[in-house]
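Please find one structure pasted underneath; my questions will follow.
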Amino acid sequence: MYKFAIIGAGRIARVHAAAIAAHPKADLVLCASPRVKAAQELVQPFGAAASAEVEDVFSNPDIDAVLVCSPTSYHVDQIINAVTAGKAVLTEKPVDLDLARVDECLAAIAGSEHRAQVGFNRRFDPSVAEVLGRVKRGDIGEPTQLTIISRDASPPPASYVAGSGGIFRDMTIHDLDLARAFLGEFVEVSATGQSWDPAINDFDGGTITLTAADGAMATIINSRRCASGYDQRLEAFGTLGSLEVTNQRATSVRYNTAFASHETSPYLTHFQDRYARSYLAQLDQLISALDGDVAPGPTIRDGRSALELADAATESAMSRRSVPVGQ
Amino acid sequence: MYKFAIIGAGRIARVHAAAIAAHPKADLVLCASPRVKAAQELVQPFGAAASAEVEDVFSNPDIDAVLVCSPTSYHVDQIINAVTAGKAVLTEKPVDLDLARVDECLAAIAGSEHRAQVGFNRRFDPSVAEVLGRVKRGDIGEPTQLTIISRDASPPPASYVAGSGGIFRDMTIHDLDLARAFLGEFVEVSATGQSWDPAINDFDGGTITLTAADGAMATIINSRRCASGYDQRLEAFGTLGSLEVTNQRATSVRYNTAFASHETSPYLTHFQDRYARSYLAQLDQLISALDGDVAPGPTIRDGRSALELADAATESAMSRRSVPVGQ
Amino acid sequence: MYKFAIIGAGRIARVHAAAIAAHPKADLVLCASPRVKAAQELVQPFGAAASAEVEDVFSNPDIDAVLVCSPTSYHVDQIINAVTAGKAVLTEKPVDLDLARVDECLAAIAGSEHRAQVGFNRRFDPSVAEVLGRVKRGDIGEPTQLTIISRDASPPPASYVAGSGGIFRDMTIHDLDLARAFLGEFVEVSATGQSWDPAINDFDGGTITLTAADGAMATIINSRRCASGYDQRLEAFGTLGSLEVTNQRATSVRYNTAFASHETSPYLTHFQDRYARSYLAQLDQLISALDGDVAPGPTIRDGRSALELADAATESAMSRRSVPVGQ
Amino acid sequence: MYKFAIIGAGRIARVHAAAIAAHPKADLVLCASPRVKAAQELVQPFGAAASAEVEDVFSNPDIDAVLVCSPTSYHVDQIINAVTAGKAVLTEKPVDLDLARVDECLAAIAGSEHRAQVGFNRRFDPSVAEVLGRVKRGDIGEPTQLTIISRDASPPPASYVAGSGGIFRDMTIHDLDLARAFLGEFVEVSATGQSWDPAINDFDGGTITLTAADGAMATIINSRRCASGYDQRLEAFGTLGSLEVTNQRATSVRYNTAFASHETSPYLTHFQDRYARSYLAQLDQLISALDGDVAPGPTIRDGRSALELADAATESAMSRRSVPVGQ
């Protein structure tokens, strides 16, 4: 049984708390957040402690693993403190909005990098993981084109957008990590931002094109808004065939009339529903890493690489030129 | 180039005329029907002759093949006359509503049976034919259960129903022929008729269960009416898997909203659309048989066997007992 | 918080224990089974007590609700004892294999029938419940034909089959309950049993046809074995359209090659996966009933009606005649 | 009955000849091509004349309409000659590879532009036309993102590629025309070319991003090769929902095993199959235009606009910058 602490008490912290509760080898013992009431509420069903002092996480020798669910600007310090205190860490994405800070983090945890995992949970979705595994074993021959369509059901509040680092660092970063997982490192990024909704003081959609060294390409299509739900699709296309992840629905009901046939459920609307199993599998890998079973990942270096691509996409969308990366 | 005559000038005659026009080796030369105006209208686009005298078909030595599309009670005499005149014949189903008459037909054409084919066109549908071929080569292991759902979009006129021999001889007979094609001969038939619509003076639906000698079973579900179109589905289920024919639509459009995802086209509504390719393939087989390429079929004997099953289904639905067949 | 006891410690008892653990208002306090080691193992993750004495369930005044998961022959006594002790009961199906015993049960709990629910969990499956709700509100007009295809992935052990009461009382009974939920009471049952696998000393498949008083029909197709998983489909067909429940899969992956397009996951294979949410919803209704929120159901009377139909199906399959019911 | 002439005797000429034969109001009377043997072969089943002299088309006063199916460099002269001779014209795409030549064409036929239609046949595909019609009537609210995936089954010969004007003018031009049909005029084009196959001396794939004046975006993904067939998909995404055209297959067969469920047909492989109905509908519109029923289109001006976008895409892919258009 491994003892877990969560830093932060927001929406994503609650998702992780539920995953811990469902795992037979994990026990939530502490939630630390300056918003101590929220922390108390979060731990209530699990019989864990709450604290307003984040330091309590690092100083408690019983705690084996820390989930960093605080605002982005706190991530690096908390990762360093937790790793230095000998704990395993799973941090929410992005590691930081500033590449230099990520490099500081990497320097500070040098030699213990294997103790820190970045929460790119989509890699752990059973459908995505199946497609990735099949691509790696050659089921589509050589992959030549990857297409990701990723649209949120509705945009976050303007206040969140203001501090998010922009759509590419905040939303696209998940897709950029997946693109790397499928096609490896890229040499060039071209992005077109879309400004549709004047209420959003940022791009609210766009298309990002990435070129890999071997000539394979990835195309990512994003939107902050999708009327029919949380639109999460992926197609890996290769010389021998293609593998797709299609949208998922809450029920398997079809309705046939004189005018149409309907699947009566729209796409799953909330990331907590669509990726429920990926949070469990992500946690399970962290626990297996604690057991010494597997090499952990995605790592802080993976987080750095995805951020570098997001920076390049941002620059490309502003300059209207393609941007070389990874030299 | 083979010269064809059509006897009859109704809806199904026009379907066959279009198939002949589309076939590079077939030429329509004559349409004979007492309704000579309808015959003239039918041949007009094809530059063929029309006649009120059916005898003109048999006496014309140029005619290679005859399509019998007349009312059912004329089929047997016309088959006999055409075969006796040395022509190939494709007759619409059923051969006759009376088994004794079918036996007379078989006796009269003895030795030339291979020149007469029954229009069980669904065997020639590319999807059905693919499933049948895969079942025969073992793709589902041993077939154990066959399920056919067959529903017309809307019922025929009461006048047609009155002379149709009842739903099992008129509509189910196609499904009974398919059941034989998949599972071979049956030993027992159990049928439940449905009387939903008081305007139809016959069963307007029902379920027919057939048991084969080896223990395999077929279940046929029929309805004279289906709001969402012409519902034509089939599932062959075996020890290693199953093969299905699903419904077909006119377009491949999907519409996704906050409430549902729609395939915007309902099922194809008319048998002429759903089975357009099966009429072409059926004709093509007849022509190949004329060339000496293939053994023709389904034969008049197949027509007899399907009628025997339809008779048994009718008896079972009336007596509320299962009826043994084929002894 | 309601305190629950489970009688029995087998596979289905563990499914219910997991549902209790997941419900915020339910607490498992006791598992009683003569197989006390299995009971101890079952309660271990939940911190509940285990007992070899079933009487401990009835005598414990703290227990609010009892889940009867014992062998069928014990159900009636345990239902009576639990209801008499003032507890709510959810019993697994069937109530008993003998209609007379079910009638004894009904007599003994007269006046408290609302405290006993039968575990026809499929009514609570979100897809089935959605279709049932839409049919009731008229989305397909008047329902005229119900088709249920229900096939287990693999047959139970011969020892289980021997005491099961036969396929219609053991397996079809779920489908018979659903047929009643959709179409109300039936007047006639016709069944054909299938004996394919000589290793199973019972029918291992079959087709059951039911006729309702208003002329609507239900057709149930069963098999003890399905190579592609647990095949659970339903179609409610009416005058204005149809509603289907289609099979569900573990992932949403498609694989396209030069030869075919695959959905790479077969149907869900285990009832615990396919109906996971229905066990939760069923328990949730029992708890709502304890709160006084809803009228409970399906009731012991529903269990009796389904058993009556199963008896009639058994008689019909043996006698090869249709059997009138419900007079 | 309108009399048609075809200029050219290649693959696409044969597609048009078949469409003419199938149309009740059209009659093929002449095929003119310097490859007179090919022309003779083409007309043989239709009883039309063949000529080695293209001039015979323009000088024949009986001919109502001309289909220009010659190599691209001849299109402009033949369009001008046919229009000047008072005939209606349907020209294959592109009008020319050089914008200046297209402008010469427009100048020469000024006042008679309505007599010339460009063969952007995909607009006439029943599925595409349905989606376009629904988008125009507001079914998805305001369209914000259009995604087109268009992949050929296999690349053309190197000799064809050499004279094709490059992938964007040759292949993407269909998608660019569709993008205009959906979203109107664009202000900016960004394209990334892909060079995967060294045997193709041109980009063999790529992603093209277009921005409309109102902020809507189109993304086109192309490949010269697709193992699973001719991949033709389109999604119009808007503020209230989305409309998709999905791939089509030759049969509706599904195959379910312990490992997967297959649609046993891959995508249709040939454009002649996938777009068979669009060639018929395109011709039908031309004939309706001759009747005076509808305003014809797409016009030579539409051909010019698509070419301008293709030029901009080519420039963007070479310069690695976005390119403004339409000022």
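For reference, chains read A, B, C and D in written order, and residue numbers begin at 1 within each chain.
Everything below uses one rule, namely that a residue touches a chain if its C-beta (ideal position, glycine included) is under 8 Å from a C-beta of that chain, and two chains touch if they have at least 3 such contacts.
Bear in mind that the values here come from a model prediction, so they are computed numbers and not experimental data.
> Please identify which chain has its centre, taken as the mean of its CA atoms, farthest from the centre of chain D.
C
> Can you check which chain pair, A-D or C-D, has more C-beta pairs in contact?
Contact tally favours A-D.
> Suppose each chain is reduced to the average of its Cα coordinates; what separation in Å results between chain A and chain D?
41
> Roughly how far is chain C from chain D, going centre to centre by Cα mean, in whole Å?
The mean C-alpha positions of chain C and chain D differ by 57 Å.
> For chain B, what residues touch not just one other chain but two or more?
In chain B, 227-228, 240-242, 255-258, 264 touch at least two other chains.
> So in the complex, the part of chain C that touches chain B is made up of which residues?
141, 144-145, 147, 149, 151, 188, 190, 192, 194-196, 205-207, 209, 211, 215-217, 219, 221, 223, 225-228, 237-242, 320-322
> Using the touch definition from the top, list the residues of chain D that touch chain C in their complex.
Touching chain C: residues 227-229, 249, 255-267 of chain D.
> Show me the residue ranges of chain B that touch chain D in the complex, using the header's touch definition.
Contacts found on chain B: 24, 45, 126-127, 130-131, 134, 139, 240-248, 250-258, 264.
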